[in-house]
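We call the chains A, B, C and D, going by the order they appear; numbering starts again at 1 in every chain.
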Amino acid sequence: MLLVQVLLPLLLGGLAFAIRSNLKRPWLLPLGGAFHFAITCALLLGRAPAPGNAWLALDPLNKVVLGFLSLLFFLCSVYARGYLVSRPNQPNRIFTASLLVFLAMLTLAVEAQHLGLMWVAIEACTLSSAPLIYFNQNPRSLEATWKYMLIGSVGIALALLGSYFLAYSALHGGVGASLFFRDLVREAPHLSHPWLRSAFILLFVGYGTKMGLAPMHTWKPDAYGEAPGLVGALLAGGLTTAAFLAVLRFFQICNAAHDVAFARSMMVAIGLFSMAVAAVFMVRQRDYKRMLAYSSVEHMGILVLGIGIGGAGIFGSLLHLINNGLTKGVLFLAAANIHRCYGSKRVEDVSGAIRRLPITGALFLAGFFAITGSPPFGPFFSEFTILRAAVAAGRFWVAGLFLVMLFVVFVGMSATVFAVVQGEPSEKAAASGYKDSFFTVAPVIVFLGLVLLLGVYVPPPLSRALHDAAAFIEMKP
Amino acid sequence: MDIVEPMDVLMTDWLVIAAIVLAAASGVPGLWGARQGDKGERTAAALMVIGALCGIVGAALAIARPTAGIDLGWPVPGGRFATRIDGISALFIIQIFLISALGSVYGLGYWKQSEHPRDGRKLRLFYGLITAGMALLVCARNTMLFMAGWEIMAMAAFLSLAVQDDQRPVREVGYVYMVATRLATLCLFAMFAVLFVATGNFDFAASRPIGPGAATAILLLAIVGFGLKAGVMPMHVWLPGAHARAPSHVSALMSGVLIKMGIYGFFRMFSLFPHPPLWWGQLVLVLGCVSGVLGVAFAISQHDFKRLLAYHSVENIGIICMGLGVALLGRSLGDSTLVALGLGGAMLHVWNHGMFKGLLFLSAGSVLHATHTREIDELGGLGKRMPWTALAFLVGAVAICGLPPLNGFISELLVYLGLFRSAALPQGTIWLTGALGAPALALIGALALACFVKVHGAMFLGEPRSERTGHATESNRFILAPMAVLAGICFFVGLLPGVVAPVLDRAVRAWAPELSEQPLVVLAPLAWVSLVGGLLLLALLVGASLFRRNLRRKPAGTTGTWDCGYVAPGPTMQYSSSSFAQTLVGLFSWALRPKVSRPDTRGLFPHAGAFTSHVDDVVLDSILIPAAQLGTRAVHWFRWVQRGSMQAYLLYILLTLIVLFFWR
Amino acid sequence: MHNLVAPLLVVVLLFNLFLLGTSRLQAVINASAAQGVILGILTLCVHEGFGTWMVLITIVTIFVKGVLIPGMLLRAIRDAAIRREIEPFIGFLPCLLLGALGTGASLIFARTLPLAKEHVGSLLVPAAMATVWTGFLVLTTRRKAINQVVGYLVMENGIYIMGLTLLHAMPFMVEMGVLLDLFVAIFVMGIILNHIRREFSSLDTAHLSALKE
Amino acid sequence: MPLLLLGIIGKTKAAFAGRVGPPVLQPYFDVIKLLRKGSVFSRTTTWVFKAGPLVGLVTALFAATLIPLGGHLAPISFEGDLVLFAYLFGLGRFFTVAAALDTGSAFEGMGGAREVTFSCLTEPALFFGLIVLTRLSGSLSLSTMIGPGLGQAWHHGGASLVLVGFSLFIVLLTETCRIPVDDPNTHLELTMIHEVMVLDHGGPALGLIEYAAALKLFVLGSVLVRIAIPYSGDPWAGWGLFALGMILLAVLIGIVESTMARLRMAQVPILLVAACLLSAFGIVLVAR
């Protein structure tokens, strides 16, 4: 079943080359997304057998991630159909195909239980996402793609080196040469610690580059800024999540090896640093798509910070993983609509979105409130849980810095968002014929609805799953 | 009976919940209504009024008999849907629903859908949300629920302010408001986190005693977090602009109720500490004095009457804080008299300020609606053109100056009594703050009087100073009726304080349950006050009738005002509000820093010149904004990091690796 | 045959220094190609006895690292008609010194890590470190996009050397995966290089710094 | 009695000026005459203008009922009546000034502005004094504070009572618009405070105003006299002493008026701040 989930999108991707019509082809995306989502539901609800063979299997951790990713992609694929149809003159064959391949590889990366396999899958994600970023085919998007590819590949190379180190530590520890996670976790106490630490550093930096933690985040504003909005949503919600999952797996191994203190301190430091960098670049940010990119950097920082703090923080950051991904969906897609309507992503040219595009503008504003952690939206609870954990752990400085960063980010981000949303739209924008359509608005509304839902009601199954995942990471039976 | 009781006790809570839901939903049906046509607005007002009735009845029942409260599971981290209505909550609930219902009726005349087709529906939606959020946070007994209500209120207030976002100044004040409120929210995050770690639960209850360190942290965070919302002096920066720019019934709601949510937060948090250190009370008291005196000083120097009223909110918050400070002193001394007087005074002043400040903002809105200017020096002579509005404003002015026989006097009297008693305390230096507080309060009263004589005189008396003022006409009944109700309440509370005293007693008991009960009726001469007040009114009426009879006997002639021999007196020659306030502004120039531009009148035949004087908000315009600009510039310096050169980016990765490897 | 490992690694290190020192692009590419070939041979040396798939890996490695990618790059520079690297951000001499320092440092660093008994005294780990370091240096100091690709190649070579230390441990498909991904990565980069040339009529990364704050 | 004070003051000044001066009862004649006159109102004015004098008088009357006259307790006395005392005058001031502004004349506005401005400084001084009395008497009611208990208060708080007395005297001069703060009978409007406020009032209204002003003088004066002469014993003797004290006070005011020159407006606040400081210092003394 899991294999099907990987292969099906690949099949559809192949089909994308077969279909001639530029307008019919995009229908493949909702199709694939729906299939994928259906299978995921079946798996999670236990309807379908999930034969945990050695290579692909579900565990408490990737259950959560898989469900979230599948949902994210499904909604994005619905949006994608509307988006691509709204740009008929832009050839979308390669785009559609690589979007589906991206989905397949993402699934593979999430379900993989083997160090090497996961690495291969994530590398494949990187490669398949290159054409997505290059969709607009202008010099700027080319430069963005180039930077994304090169930095990403360097990161992935470091991750590979780290994997070798890890394997070597297993070899040196005299444990079996298997690189399956469950074996590594089981044998962790015997791993050779110096190698393990070096391995963790390399893997953290390598996959951290994919996550976009500062100072490895430099590709992010360019890529998110130049790529279509839905690609931004998928990268910010999907690829980063897969990379984060990888980091979590290695964190779990360190946990199992009872050698986790250094990893924690590292994560706290990098997390705070990422928030600081994001804050610095969000003040007076004149380009609202780059602003979203930095916001993504900030929230990646929050994720690792929560893990580093530990305790309730781990639960908090797993919850935040979902909240952040969904909210980013709202923001990127709404920003994409605004971009399409105004034909510019500079604040100077864009104003009065809420008058020009009432629904999209309102969604953008709401998404902003959500991502900055205002109750009653979901991110509030995850951020508050992390803060709580920091205070409970007696790390008052961390808590204080965390709040200061949140404040600076809010000050910066609100100025940009209000400038976009409020005021009177320019004549040029009023003249442009763009209108909100069902396909470009409905998914965003669903995203926001989910974010709001998570703010007023976290379904008990979900919270149970999150608790299991947290326990799984912390090696608590 | 025994079987019935839990039944209707439960009903009480649900009544309030229903009221909250109704208020929140009040604006929704209108969204589907036509842009024109008044169905939407009428439904909204009707829903709001019904909801308000439910809420007020529920709260009244809750005062009559303490309620069991609701406690349901709420599956979010740390959340329970726990609400309970004690004496403190009930008072706030009644006030919230009263003002917002009156405001929504007022809106029917002030913000007609036909006059504002574009944003009328939005405004009503957010207006309902503000109300719901406030009522929710006041009932909440779970910190997560509290935060939810708090932020709904804050965001809805921002949005209802931003319905006029096509005007640049509105956008600016909206931004300032949003930043301020976010800072407050983050402080509350921290405060509740500390509280959770200290008590181990998310309820507003010190299930185990809170350590001194945590207590101090909570106090400071509360003072910043709630103080920002309440507009205590150094943290009032968002308040004048927002109150001035918001639609008037929203201003009334903001100034009358919304900022009180900060005060509610003070009450709620401080009630957790049975033995606060002495310096807490003294700190709060001093903050109150500063806020009061400077607030009114800034108010006098304003020439925009809504801004002026906004600064008076700062002043009254100061008075409330003084009362709270006295109560804290009393609690740390275990002196139930001080607690009763201080907290009772603060509570009553919260209520009174809601009433007369609501009244003032509504009548100010009526003037704005008729003349379309907020410049005091363009008005004048409106007393003839808008008699009812003028009367309403006069009542509000007398009340806010704390003059008998209106309600402001009662609450200030209680605070005075508390201050005098604390000044009479024998112990060490505790009496000192009280001894400074009473004259400070006297100064505040006198300044407020000066300010309101000025603004009332300049707006409603004399001759119109501008063309459009001359053509102003009285507002419609939707605008006048709510003002009448509020004025009535001002008189009622002022004349029969004994009626509200038991309610205050209940609140005091809810705040400090460990102290012996001291009914206010015993502590304060409320009966005397109502006697004197009644006699005063009676005497005035008798005197007036005598005067009238005398006039009927000897009909009075009319003429122009005696102009002291000046040849051509004109409306522009009247004493303007700024000249009225000049001396006082001069006395406070050390704090106000007025910007004055004098005409050059030297030489034999000086050119025509103009004299202008203007007072900005010192904290915002002279301290915060420059600081923010400095910070932005400093931050911009880091931008070179993201310089677009691939080599640099890869170098960062390499350096990170090296650093981490050394860290290992 | 095992005794060949050390000398070959020394050659690899020498190639590293050569890469850092030289300016002619063609020479640089050829050097990286030669390095790839040596790695292929190393695979055989490290692994006792010829397994069938061992030979296969060796051939694939040599083909990809030594022939295919260098060929593509050579074609790229021929089309772009660029011959030599302009002065790097830091001159060639500093580059060389840094490279030498890095090599020394990696020798020391490798000492801090406990080695398995079969690798005690082997140069594999330090050589891997030094090569990765060299790759990074090339990536961060050179101006030409091609050169950065080469840098990336060198880094991958280093990682490959590291991989050799656990040839037994690594299942077959991961090896292949490495090569495959390496290949695809370079392939995509090649495509992009062509695009870059078309868009900017040069492979100078100076043109690729429009996106910034 | 109140108007008599005015008469005495007038006599004293006349004596200093070496004139015979008007009879002591002259103020009564004036007021009665005014009350008989008809009245004229400006077209600008509204009912507020007519309300001014009335409220001024009524509030002064009520204030009078709060203080103990002679040896007797006040007809109305309760804990905290001192606040009511101060705020009644406040109410009166509010409407007097409002009435002044109602005429829309620059001069009366000026007068009103000065009135409220200076009262902002007298109020704190008054309350500082009241706090001293509270600490000495331990009571919050005027009739107790300046009642029989004052005798021993002098023993342990004499110094501060002297200071309070001084500052209250300044307050009295200011509130009743006497030299050196204001000059009731100059005829240059620019220099006046109280008189210029009531320029447009005439007839009965003016009469009420005159009487209210005198009453205010009387009330404040009696407080001062009570403090100065803390007699507690046979009430009738108390009355005698009280009357005597009031007359002395009037003479004193007269002397001050005829010996001192009016201060420049800019200097008045300094004087009042000094008054505040005096009574504040009184607190410090009583505290030690």
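Here is the rule we use: a residue touches a chain if its C-beta (ideal position, glycine included) is under 8 Å from a C-beta of that chain, and two chains touch if they have at least 3 such contacts.
Nothing here was measured: the structure is a model prediction, and the numbers come from that model.
Which chains are joined by the largest number of contacting C-beta pairs?
Summing C-beta contacts for every pairing gives the maximum at B-D.
So, comparing C-alpha centroids, which chain is the farthest one from chain B?
Using the mean of the C-alpha atoms as each chain's centre, the farthest one from chain B is C.
Report, in whole Å, the distance between the mean C-alpha point of chain A and the mean C-alpha point of chain D.
78
Go ahead and note the Å separation of the Cα centroids belonging to chain B and chain C.
Distance between chain centres: 70 Å.
Nearest whole angstrom, what separates the Cα centre of chain A from the Cα centre of chain B?
44
Could you please state the distance in Å, as a whole number, between where the Cα atoms of chain B are centred and where those of chain D are centred?
That gives a centre separation of 36 Å.
Give the residues of chain B that touch two or more other chains, as numbers and ranges in rising order.
Expected reply: 639, 641-642, 646, 648, 650, 661.
Could you list the positions in chain D whose residues touch two or more of the other chains?
none
Which positions in chain A are in touch with at least two other chains?
146-147, 150, 154, 198, 221, 281
According to the definition already given, which pairs of chains are in contact?
A-B, A-C, B-C, B-D
What residues on chain C touch chain B, complex-wise?
89, 109, 136, 139-143, 148, 205, 208-213
Please output the residues of chain A touching chain B within their complex, sorted ascending.
By the definition above, chain A touches chain B via 146-147, 150-151, 154-155, 158, 197-198, 201-202, 204-205, 209, 215-216, 218-219, 221, 262, 265-266, 277, 280-281, 283-284, 315-316, 319, 352, 354-355, 369, 372, 374-376, 380-385, 387-388, 390-392, 399-400, 403, 406-407, 410-411, 414-415, 418, 422-424, 455-460, 463.
Hey, which residues of chain C end up touching chain A in the complex?
For chain C paired with chain A, touching residues are 112-116, 132, 139, 145, 148, 152, 155-156, 158-159, 162-163, 165-166, 168-171, 173-174, 177-178, 180-181, 184-185, 188-189, 192, 195-196, 199-200, 208-211, 213.
In their complex, what parts of chain B are in touch with chain A?
Listed in rising order, the residues of chain B that touch chain A are 74-79, 144, 147-148, 150-152, 154-155, 162, 165-166, 168, 171, 174-175, 178-179, 182-183, 185-186, 189-190, 192-194, 196-197, 631-632, 635-636, 638-639, 641-642, 646, 648-650, 652-653, 655-657, 660-661, 663-664.
Touching residues of chain B toward chain C in the complex: what are they?
639, 641-648, 650-651, 654, 661
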